[in-house]
Every structure is written in C-alpha cells, then in structure tokens.
Amino acid sequence: MHSLGEIVASHFNYIVYVAIMMVGLYAMAAKRNLIKKLIGLGIFQTSIMLLYVSIGAKKGATIPILAKGATTVNAGDYINPLPHVLMLTAIVVSVATLGVALALVQKIYKNFKSIEEDEILKELRR
Amino acid sequence: MRQSIPMSVQKKTPDQPTPARKMSFLLDIGMRFFMLFGLWVLLSGMLDAFHLALGALSSAFIILISYSFFPKELILWRRPSCIWSIFIFILWLLVEIIKANAAMLRLVFRKDITAHMEPDIVNLQTRLRNPMALTVFANSITLTPGTISVTVNGKGEFSVHTIDSKSAENLPGEMERKIGRIFGE
Amino acid sequence: MKKLTLAAVVIAGLLLALTTLDFPRWGDPQTPASMHVSARFIEKSLEEMATPNIVTAVLGDYRAFDTMLETIVVFTAGLACFFILRTRMTREDLEPAAPENDPLDLAGEDLVIKTVARTFIPLIQLFGLYVLAHGHYSPGGGFQGGVIFAAAYILLAVSHDMKTALRHMSERASHLLSAAGVLLFAGIGVICMTNGVNFLDYGGLAGILGMSLATGHSFAILLIESGVALTVTAALIMIFKLLSSHGTVQEGF
Amino acid sequence: MLNPDSALPLIALLAPLSAIPGILFARGPNVREAFTFLAGFLLLGIIVLMLPDVLAGNTPEIVLFPVIPGAPIALRMDPAGMLFALVASVLWIITTAYAIGYMRSKQEQNQTRFYAFFAVSLFATMGAAMSANLLTLYLFYELLSFSTYPLVGHHQNDEAKRGARKYLTYLVATSIGLALPALLVTAMLSGTLDFGGAPLLAGKVGTSAGAVLLVAFLLGFAKAALMPVHGWLPAAMVAPTPVSALLHAVAVVKVGAFCAVRVVTEVFGMDLLSSLGLGAIITGLAAVTMLISSFTALTQDGLKRRLAFSTIGQLSYIVLGVGMLNTVAATGGILHIAMHAFGKITLFFCAGAIYVATGEKYISRMGGIGHRMPLTMLAFLIGSLAIIGVPPTGGFLSKWLLLNGSLQGDHWVLAGVLVISSLLNAAYFLPIVYKAWFCPPEEAQHAGPMREAPTWCLVPLLGTAALSVGVFFYQETLTTLASMAARL
Amino acid sequence: METIAVIFILTGLLFDLGGTIGILRLPDVYTRLHMAGKLDTLGSLCLLLGLAVVNAIPLGTAELFVSGKILLILILVFITSPTATHAMVDAGIKAGLTPWRKGDMRR
Amino acid sequence: MEHLILFASVFLVMLMMLSLYRTIIGPSTLDRLMGMNAIGAKTTVLILLIGFIFGRIDMFVDIALSYAMLNFIAVLTASRYFQARGMRKRDSNLRVEE
Amino acid sequence: MQLPVLTILFPLFGAFVAVAVAWSSMGRSRQSVMPIAVSALGLSAVCAAVLFVQVLSTGPQTYLLGGWAPPWGISLSVDPLSALMLVVVSAGALLNLFAFSFTPSKWPLGKTPAFLGLYLLATAGHLGIVATGDVFNLFVFIEVAALSSYALLSMGGPRATFASLNYLLVGSVGASLYLLGVGYLYITSGSLNMLDIADILTTIPLSTTTLTGFVVLMLGLWVKMAVFPFHAWLPAAYSSASPAVSGLLAPMTTKVMAYVIVRMLTTVFPPDLLAAISGFSSMAVWLACVAIIAGALMALAQQDLRRMLCFILVAEVGYMLGGAFMGNATAMTGTILHILADAAMTLTLFLAVGSIVVRTGGSRIDDMDGMFTTMPVTMLAFTAGALSMIGVPPFCGFFSKWYLLSGALEAGHWVFAGSLILSSLVNVFLFFRVFERAFFRKPATASAPDSNDWYQLAPMCLIALLLPVIGLATGGIIQQIIQPALKGVM
C-alpha cells in the first residue's frame, strides 16, 4: 500500500474540493443571512467546478489549444478539454442562478425590509 | 449600443452640413477607424484576409454604436505639435512617479510610520477646463508623491488628500503648465 | 444547532473524502476521463472544424446543444430577473424620450471617472469583439466576449448614470437583442435542418454556403458564438439594470 | 371479443348509465323520470333476455379492460349474479315509481341529482352482480360506496352530513383497509382473481393465513353489515326513503352480502373452508350479528331504524347460509338475497308512505294508523311476514332451506339461532301491525277517514307486497338460480 | 536584454512588497490607498515591462505582437489604476468615511 | 529566467495572501475593496507569469488583458455601490462603518 | 425524422419569439403573445404525440444532435416511455395554459410576455429532461427548467418570493449534487452518454466511485423531487404561487424527476448495483415510508386546500420513490404508472383548485362552503381527481397503487404496503373534509354557478375524464410501454 502522505499528495485536489464543498454547505445550512447563504451556494458550486477541472488535468500536458502550426496531434499532449467545456456551462448556469437569486433577494428585501431569514419567518408567521 | 445611429448622428449635427464640416467629419471617423483597426491588428496578430476583414467590420461597428464616446481630444491630427508636449510630460511624470514611489517606499519601512505623516485634505483651483486635461491632471496628482485627488469638477476645483503637509506645496504648479500645453490651455 | 450542522457537515465531508481515495491520482493521463471520449476531441477537432481551440470546438460543435441551452439559461435569467423585479411599467420608461441635453455631459462631479470610462468604452467593446472572433484560436468565445461587451456598458452606467446608459440601450433593445441571440443560435441549427441533416449539424450550413466541411463548421461556430455573445451581453445588461435600479430601470447608482 | 351474445352483460351494465344524459338535460321532471323508466325497462329486458341462457347453464362473459394480468375488468353473468341482477332490476323500476310519488309529495330539492346518482348506483350494483373477478367486484363495490354518498347526504343538513360521514367512513375504511389488502394478497397467492374456475385460494393458504384473509374479506366488505362493522346502516337512514328502500334493502347491503357469497364460493371455496375448519368463523360472526341486531331492533322506536337493524340481521341469514358450507343452506342464503329484498323493500315503502301521508316516523306514535292507511298497513303485514318467514311469502322458502341446511349439517346451535331470530323478527314487527289496527281508540294517535299516501307511493308498495307473496307461488326461476349458484 | 528584464522584474516585486506592507501598516483606508495607488501601480508597471522584454527576446513577429499586448496591459494599468484609486477615495469621502488625522486611533 | 519567473509568481502569491488580510479584516468595506483591488492588480501579472510557466503566453495575455479591464470595472462598480449605500445611510443618520 | 428535437424546439422558439414580438411593438402585439404560446405548446404536443405513435410502431429513436454519434455528441433518446412522458408534459402544459389563459389580467402589468416566455422555457426544460440521452445535457435542462420555475413561482406575493428563493437554494444544491454525481460517473467511465456509460459500467467491476456517484446523483434527484426530508420547498413554493404556475409545475416537476430516477435505474446503472448497496435501496424504501406517512400527517394539519394538496404530493413522491427502489419489476411498474397517474390527477386537482383561487381569491378549506353549488363543474373535476388520489377504481390512481402494493408484497415490505394503505385512508379523510364543507354547507355568498368560459372548464373536464381512461388503459400501457422499458433490466 501507499503511504498516507503519498495518497494525500496524489489526491490533494479531491481533498480540496471536499473541503471547499463542506464550507459552502455549512454556510448554506448555518447562516441565516440570505446573501451569506447565496455565497455559500456559490462556494458549493465552485467546489464541484474545481473537481471537474482537476479531473481534466494531465501531467506533462498543456492547455487544450493546439499550438500554431501543429500538424500531428497527440491526445497526451493536451489536457482534457471536456471538463473545461462542461464547467464553462456550469459557471454560466451558476452565474445565471446567482442573478435570479439576487433579484429574489432584492424583492424580498423590498417586501420584508430584511434579508435575515429569522426575521422574515417571524414576519410570515404573523 | 444605440439602435439607430445614423439618426442620432443627424441629431447631433442639426446645422446644414457644409462641405468642410462633412470633410472633417469623415476625417474624424477615419482616424477613429484606423485607431481601432490598429488595436485590432495588435490584438489579433492574424494577418489573413478573413480576420482583417473581421477587424475592419468590428472597428466600423464600434464606431457606429459608440461614436459619441470617443473623446475629441484624442484626435491628435488637429494639432500635431502636442505630441512633443505629451512626450515631455510623460517623461517628466515618470520621473516624478519614481520619486514619489521612492519616498513612499522609504516611509513604508519606517518603524514609527504614523509619526512621519500628517494627512489632510486641501483644495486647489486650476485654470484647466478641458475635461481630458482635468482628468490627466487628477490622475497625475494621484500618481505623484503624497497626494490623491478626491473630487474634481468642471470648474477646475480640486480637493486632494495629502499624506503630509509638504506634498501639496508644488500644486498645481508645473504639472498644470505641462498639461495645459498639451491641451492648448 | 450550529454545532450539530457543523458536525453533520464534517461527517459528510469525511465520508466524501474517503470515497475519493478510490479516484485516479491527480494528473494521471491514463484515466477513463482522459482516454475515452476526450481523445477524439483533441485529435480530430482541427481536422473536423479547423479550430485549434479544442474547448471552442467541443463547446461550439460537438456539444453545441449544451451551449445553446446554456445561452438559453442566460436568456431565461434575464427574463426571470425582469419578471421578478421590474416595477412600474409605463410606456415612457420602456422607450425613454430622446435626449435633450448632451447625454455625455462631462461637467459635474465625477469628471475623472467619466472621462476615463469614455476613453475606454470603445476600446473595451472592440476587445470584446476580438475575444468573440478569436475564440477559435485563443481562450475566448461568445460568452467571454459577451461579458466584456456587457462590462463596457456597465462601465458606462457606473461612470455616468442609469439614464445615460438607458439612452444607449433601452430596455426594449436589451430584450430584443437577448431574444435575437438565442434566435440566431437556434436558427442556425434550424437552417442546418433544412438541408436534410439534424439540428445543429453544421455540415448542412456548409452545404448551403458551398464551403468545405471544416470551414463550414468553423464558420458556423463563429456564428453561433455571435448569438451567444448577443444574448449574454443583452441579458447581463438587463440583469445589471434591474438589480442596480431595484427594478425601476430608471435611476440606480 | 364482442359477439352479440357476450355483449349483453356490457349492455346491461351500461343501461342504467344511459338514463343519465336524459336525466341531466331533460326539459321537465316528467321527461326526466321517463328516461329513468326507460332505462329501467331496458335493463330488465336485457336481464330477462339473458335469463334462459343462464338457466341453461351458460355464463355470458366479456373482458372489457385487461388492466392487470389475471384480473381484467370483465363481466360474467352466472346464476348468482343473475339472481341478484334480476331482483335489483325489477325493484329499480318499482322504486322509481315510488320515488316519483315520494320525492314529489315531499317536494325534495335537487331531484335531478337524485335520479342521476340513483342511476349510477344501479350501474354499480349491476356491475357488482356481473363481475367476472374479484377486482371488478371491488371496483363496483367502491363505485357504489361513492355514488350513494350524495344520496345518503341528500338533504344536505347537519344530520345528513353526520349520517353520510359515518356511512362512508365505515365502508371506505374497511374496503381500503381490509378488503384491498386481502385482495392483493389473494392476487399474489393465486396469480388470478377470476371467478368461475377453481376457488382462488384452494391449496394456497393454511389455517391461520386463511382465517386472517377470511375475516379481512368479510369485514372488509362492510356492506354486508356484519358486526362490528354494521354501524353505518342505521346511520344511513337519514337518506330519503326511496334511497333507503332500494339501496339499503336491495342494492348496497345486498352487494355486501353478495360479496360475502363470492368470497365463500369463489375465493375460498366450500371445500377449502371446511377442510381448514373456517366455516365457524363465518357462521359465528353471522349468528352473533343476527341475534344482537334483532334484539337491538326491538328497542328501536324509529321505524326506519328498526327496519335498519332488521336488515342487519337478515343479511346475516345470507352469510350464515353460505357459511354453513352445504348446498342446501347455501341455496337458502342466496335465495334470501331475493326474498328478503321483496319483503324489506315493502316495509321501507310503507315507512315512507306513512311519513309522506302523516309525517310520522316513530312506532310509538303509530297507534291506529291501520284505519287511516289500511292498504299500506296490509302491505306492511305482508312484508313483515316475508321477513319472519311465514308462508305464503317468499321469506318462508329461503328460511326453510336455511333451517334444512343447518339440520343437514348438524348445526343444531345455528338452527336454534335461526328460530330464535325469526321469533324476534316477529316480536319487533307484529306489534306494529297489531297497534296499527287494534290499539284502544283512546291511545290511538291516528283515526278518522282513510287517507292513503299518493298513488305513486301506494301502488309500488302494493306491488312489492304482491311480489313477496307471488314469489312463493312462482318460485321456480329464483330457486333454480339459487341452487345453481350454491352448487358452483 | 535579459538583465534589463531581471532588473525590472525585481524592482517591480520590491515596489509590490512595499505596497503590500503599506496597506497593512498604515492607519486608515486613505493613507493605505496612497500605498496601493502608487507602489502597486509602479510595481505592476515594472513587472509588466519586464515581462514584455522577456517575451520579446526571441524577436519574432509573433513574440513582438504578444509583447505589444503586454504593453497594452501596461497602458491600461497606467491609466486605470490611479482612476480606481481616485474612485475609491471619492466614494469614501462621499459616503462619509472620515479620514484619519494625526493623533487618531489606528483603524 | 524560469527560476525568476517562478520566484516572482510565488512572491506575488505571498503578497496576495498578505493583502487578503485587509480583504477579510477590513475594517471598513472600502478597506476590503482596496484589498481586492490590490490582489486584482497582482493577479493580472500573475496570469502572465503562469502563461510563461505553461509556455503559452500568447494565450494568457488575452486573459490578463480582460482581467485587467474587468477588475477596473468591478472596482469602480463596487466603490460606486459603497458610495451610494453610504450616502443613503448618511441620509438616515446611520454610521458608515461596518 | 426530426420529431424528438422539434418537440423541444417549439416551446423554445415560442419563448424567443414571444419575447421578441412583445417588445418589437409594445402595446399593439401584446394580444398576439398568447396565441404564440398556445400554438408553440400545441405544436410541441402534436410532435410528441406523433413521435409517440411512431415509437410505438417502429421502436425507439435516437436523435443525434449536430450529427455527432454518441458518445462524442449529445443525443436525444426516445423510447415508448419517454415519448409518453413527452406527451404528458407538453399536453399538460398546454391544458394548464389554456385553462388559465383568461387570467393575464390578474398578472403583473406588462409582464404577460415574460410570463409566457418563462412558462414555455419551463416546459421546454422539462421536455428536454425527459428526452435527452446525455447526463450532462440533462443537468443543463434541469437548470433551464429550474430557473424559469423560480421566477414563475415568485409570482404571488411576498410569501411566494421568499418560498421561491428557498426553492432556489435547495434546488440549486440538488442540481449541483446531480452534477457531482455526473462527475463521479465521468471519472469512472469517461463518458457522458447514458447508454455508453451503461455499457462501460457493465464491463468494469463496481467501484466505490461508481457507487458514491450513484448515491450522490440520487440524492440530488431526491432533493429536486422533494423527497422527505428535502421536501420543505415544495409546499412552500407551490401553495403560495399563482395558480397558473402551480398548475404547471406541481404536475410536472416531481414527476419528471421521478422519471429521471427510473431512467437512471433502468438504463444507466447496472442491475447489480442496487444489490451491491442493498442498504441504500432499503434506506430509500424506508425513507419513502416516512415520506408517505409524514406527507399524510402534515396534510392533515393544513387549513389551506392548496397546501394540503402539496403535502399529499409529498406523500405521492414517497410512493414513486419506494416503488423505484423496491427492487422488483412489479413495483417499478407501479412507479411508472404512478408517475403518469399522478401527473394527470395532480393536474386535475391543481386546475380545479386554481379555478377556485382565481374565482374566490383563496383556497382556505374553511371557505369551501357550498362549492358544489357555486362551482359545480369545477368541483366535479376536483372530485374525480380526489377519488383518483384516494385510489378508487377505475381511476388511474388505483391501478398504480395496486402495482406498488403488489410490488411491496412481492418484496415482503409490509411497512411500505401499510403506509400506502394508511395514506389512502388519510386521503379519504382529507378530501371528504373538503367535500363535506362543499356539499353540506350553504355557500357563504350567493353567487352564480361556474362561469361559462368553456376554455377554462374544458381542460379541467378533459383531464378529469382522462383519469378513468388512463386507469382502464393500464394493461395497454404496461404491455406497450413499461414492459419494453423494463425488459432485460428487472
């Protein structure tokens, strides 16, 4: 078996992703401020993007843009473009979601004069 | 971004277009076009027909939608002599900037940092009126020793945040003169 | 309660981290992810669509449908923000009156910022177009170009004010442009269909335009990227206007 | 699939529904009720058309929707179903006539809704009678529960609400909570729910599982009103009398009893039940229900409530008959479906007629009413005799067979129960008749010139009374059907 | 050429270091902005210039184009950086954030 | 030269970490904004340095250019937002500090 | 043929064109937007129906978008089941829109085009989720559907806005978890095409990565489907939204997500996977039991008809979840049947309640007095939906429940069967509580019976009449649609 250190070294990207994800999840679950919740959501989504992008990494490969005048292309020379494509889409989606979320928060603020969940719930129960 | 530019251009020139005005207008556009096109070529680095055509189209398109944004002062062909003034000014400014930064660098590594400073906000009045000149002046103030421009208005009134009492002593002074020379004020 | 949440999150994290030990090592070039589908993208994209930027090739061609939907997501977000936030709809604020004074009046307080913004806006716009047009060769494309273009507009709104910004792009224009972008993208797909091939099969377009297959694909990617850029620009501007003016699309900042 | 012969059950099923468009869109009440009659005669005609075929030992069958493998929605006319369908369709016509008299003279609201749901209920009843499998039977059983709900609650007042609520609670809770699971388990064990083949559970269950299933079925089909799930029946008496008459003397309760018959004959089979020794459960439940309800009936002052408890008891005769697991008793039980129907409907009609004519609901206030409504009380007497089982009424035939069957199976206790119960029947009915005619004038609440209920009320009840007697003399068809059903 | 580049880069790093220490040590946001606005700007300028030179060493057309773009970034930074500083100070004053005076507490 | 580039990158990242202190601690929102701006200015250079490390500076220069632009616009927008909020708060006699 | 993509494209184009037309000539063409939306949905429904017939007669279709063969390109894959789902979604959206097409006057001023655009986008998103054969593309479709749903659901006052944000937070986490699961699958297989992944997974041994991916992906879908305890967003969002919106989304979203789960279980993941983590599937079934009971209990506590329906929906989600994870074909058949049945009966109920809300301004159960008198047609439709929910034959709710119960018995899961029975009984109580008020009490205010707007009542009556028809067609549905989908899997 490999030593723990080696495993951690070769899997650090995954450990980082999990750590970030949990930070985001915690923020979403524990914070009562709606904006902070949104930030938590953003962190959560970012962690998944990190995971994807790190899947695409290849040792000894460069960014997936063919060098000028390249004639023979070897798949090993370029990092995997697919995760980047997917994450570009995911980023756009998360930005769009953020936009809609901010719009909702603004509307909520207009209605309740607060973005604290507890106060809003108190108001709603009345 | 304007939807119907030809109309708005017409609106901006309500007088009858004289031939001279027309000529100057075309030259204006041409200068802008070549400025943008040059920028495109620099950015693109692709000199094939397709990309050059794209560049030409893009430049024209930008002129079409953003005609009104181009500061008139940037059109240098009106007064070629100012190029020399600009050159002088930039050199002078660089020296000043380096001086300023050297002073700041020294300050930063001082132990009793706050003892060597006495921040204040001072007001200035310049004779500059041209917005571009005022802008250059304001940014130059920000870049030079111990001063940051806070508010500027079209009447040439400045307020400046200084880090110690000496910093604002030379203002407006030489800087104003040099900038005035560029913009003919 | 917070401690409980924390404990739950930590436990979930540990579990998740444990499962990642099964993952391939970082940077391993022999993983299924690197070998299976992506290899073809890397090896064939230049030949099939004359596009050195493989990301653009995958985004704009192999997985163009995803990209179309992503554009639609942006379009949806713009529409959604409008639907959620927009208040007080009158005819005037949809089509603001023609400017009486110079819209780019430089006098007043924020002279420096206004002037700098004015200088840079056309340049930023040109750069946006450059990014859009060179997505085939460098990290760019419709989305990035659109964002930069929208940023130029935001710069205008921030350096001047919303009224000035609205004179340069009315609410109506941003709606129309954002719809036009997705229509352009999906329309290209449909035009391909008229040549008897499937939706978004750019070979159909190449046939119509009489281009070689790879050139046709490359050209089609540029077209759809333009659609993406249009929608992204317009929708981001729309969202910005709504959020910064609290839905009135009049003042703000 | 659709040859004209096997289509007959389907046509019979749809006949009651055919009245509904007419009822809903009719211009006036006369036209509306004409449609009901039309449908009734249509139904009866088709049933009669099928009768020779069934008597000849055929069973017209039709598969409508193959919803579940082994349990399609399918119709099948066998002798038991034919007996029930015949009785129900005959009585529907008569009840319609009665309803016209009753509803019009009481000036009831929402008569269109009444007739529409009446037709739907008949549809469900016919479906239950002709069900070719347990699933179809369950389907129509449930439909009947829900379609009679608006009829029970017809008056739309608080009392009606309470009655309807109780009615539905009992019926639906048991059918979903007990019958449906039992149905599912049966389906799982046997793979099919079809009637007409070998009993579904033959050889598939042991004693304890069988007992659980049996109880679940018997109580699950709570329309049979075995105790302790009988409470809905008296509560449902808030309905207008025609509803009580047809539905609670004929359709609803008989569907329950019919289900019990099906459970015994088709699901378990007499052989299985006797080999597992489960007959005692059925007869035990029935006997207890019979006695308790008869005693309870004695204490009731409301005429309709007394009739209701009487019904609970009489339904147990049917269950008891099939529960004794011999052909003779089973024939008696199945025949009692018909015989009790004629008698009990007569009694309900009479109760309604009294109410229409005098507004009287309570037995204690019916002294001397025989002088005022002699024909009605004559019919009441005949109905009572039919229930008690005195010749020459139909009730005698079924009870006789039941008694014979119990003796044949050496069920001495049950024979005793039957006799005691019949005596109790007499005890709670005959005093009414006696009081109606022979109470001392000073105690009589009613006197004076004869003033019967309207003709539309009177003629039907005389008709059913005549039928109660008539079936004694023209018993052959019914008895044949019953014995055919019992032999299956 | 290479030496010039190295000198530029090292100078740039020095200025950046100064700027960072400045924004950490100085007493309020305005004085910190003096550091960020000047030292960081000049630091970036030096670094960019150094990188432009580094890149231009092979002297091919493509490389010169790229160096040109780096110079473009330089010009951009040269103009926008003081503008941003000005904007922040302006915003602070207008929002009512009072400047630190001698003798005040550190903020 | 590679070593210098690498050194410069690491050095810049270190400085960014230090600036992050301002961003997180503040104390005023404007301090955070300034911290962000300082990081952003260094990021522009860092992107170029990464380009050198990857040997694809021709690609990364575009990214750096767009980053510089967007950073400027973002800082401008944020400071305008800060200003607008501060003016609103001042109107309602509230403290500006966080 | 191009039908698979056309089914999705029509509503998409409808949305773009609606927005473009509305803004290209304000005021004048406001009226033309509704016809655009209706015809877009109508065309989509026609395409779906024709596609359904085609697929039934000639077998499943795979549509290669961009002409790229899988696994490189994105493909739509339509089998009888997904074709039927397409019909259900598009026809449901059309009927709902038709039924509420008279309400724009109650919508915010000037927002009708945006509303219709979002409506069409939401529909297209759900259609795409059903049709796509690519796991990542499914994520994007989920987001198209979700974003438009968030916006639509926010219409209906402060409470709706807050509920909608809550939904956004939860829904985004759900979608992200799904995306994470897709990432795990991608790590294992290197592919995004469903069939390709399935092929690869059968050739390699089950790994921790695959199993974790499966679990995470399922968790994500559960959140989107409102499985207890991730259900809280559903009642909040659907009960406060405008009736036209809840009428669209309540029948659609949870069912489409349940369909995705079924699809994943039957086509993507290998059959031995569930056996390898039997603990997970048994947990899922237990969770389903809890969901059913909890949904029923919470429904009991509601004073508002729409909220009550929403909690019943939570219980229904439990039905579908339990059946999907029961592990036998009968239960899976029940789940699929229940997806169809629940879509139809939820649509009926929400259309009816929506009409009540539009007419009376609320849906408090206390305000239901005399509803049978004031809105007889609506209440009849409501009754049909209610009977189906209770599970009365021949309404479709009975037959799906029958299969679910049979499946539970087959698996020996008595608790699940018991929960189903119990929830049916609770449903009786819930609905008859409403009926008693509506039937036995006098209407509070004397008002004319149902309005005569046939376009408001017709969709409701149509779908109510369909309930028994679907039920009686169960045999055909199973034979033609479900058995092919489950062939070789279970």
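Labels for the chains are A, B, C, D, E, F and G, by order of writing; each one numbers its residues from 1.
Convention: contacts are C-beta pairs under 8 Å (C-beta built on N, C-alpha and C of every residue); 3 or more make two chains touch, one makes a residue touch a chain.
Computed from a predicted model, the values in this text were never measured in an experiment.
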item: Touching chain D and also chain F, the following chains; value: none
item: Separation of chain E from chain A in steps, with touching chains one step apart; value: 2
item: If a chain touches chain B and chain D alike, it appears here; value: none
item: Longest centre-to-centre distance from chain B, chain (CA-based); value: D
item: Maximum centroid distance from chain F, chain identifier (CA atoms); value: D
item: Result of counting contacting C-beta pairs for B-E and A-F, higher pair; value: B-E
item: Closest chain to the centre of mass proxy, which here is the mean CA position; value: G
item: Geometric centre distance via CA averages, chain G-chain A, whole Å; value: 28
item: Chain D and chain E, separation of their C-alpha mean positions in angstrom; value: 98
item: Distance between chain centroids, defined by C-alpha means - chain B, chain C (Å); value: 31
item: Distance from the mean Cα position of chain C to that of chain A, given in whole angstrom; value: 18
item: Chain F, residues touching no fewer than two other chains; value: 58-59, 62, 65, 69, 76, 80
item: Per-residue multi-chain contacts in chain A, two or more chains; value: 25, 55, 63, 65, 68, 82-83, 86, 89, 93, 96-97, 100, 104, 107
item: Touching two or more other chains - residues of chain C; value: 16, 21, 23, 31, 33-35, 37-38, 41, 63, 66, 70, 73, 76-77, 80-81, 84, 112-113, 116, 119-120, 127, 134, 137-139
item: Partner chain A, residues of chain G touching it in the complex; value: 136, 139-140, 143, 146-147, 150-151, 154, 158-159, 161-162, 164-165, 168-169, 172-173, 176, 179-180, 183, 186-187, 192
item: Chain D - residues contacting chain G, complex; value: 64-69, 72-73, 135, 138-139, 142-143, 146, 150, 153, 156-158, 160-161, 164-165, 168, 172-173, 176-177, 180-181, 184-185, 187-188
item: Complex contacts: residues of chain B adjacent to chain E; value: 39, 42-43, 45, 97-98, 100-101, 104-105, 107-109, 113-114, 117-121, 138-140, 142-143, 146, 148-151, 161, 163
item: Chain C-touching residues of chain F, taken from the complex the two chains share; value: 58-59, 62-63, 65-66, 69-70, 73, 76-77, 80-81, 84
item: Footprint of chain G on chain A - complex, ascending; value: 25, 28, 34, 37-38, 41, 44-45, 48, 51-52, 55, 82-83, 86, 89-90, 93-94, 96-97, 100-101, 104-105, 107-108, 111-112, 120, 124
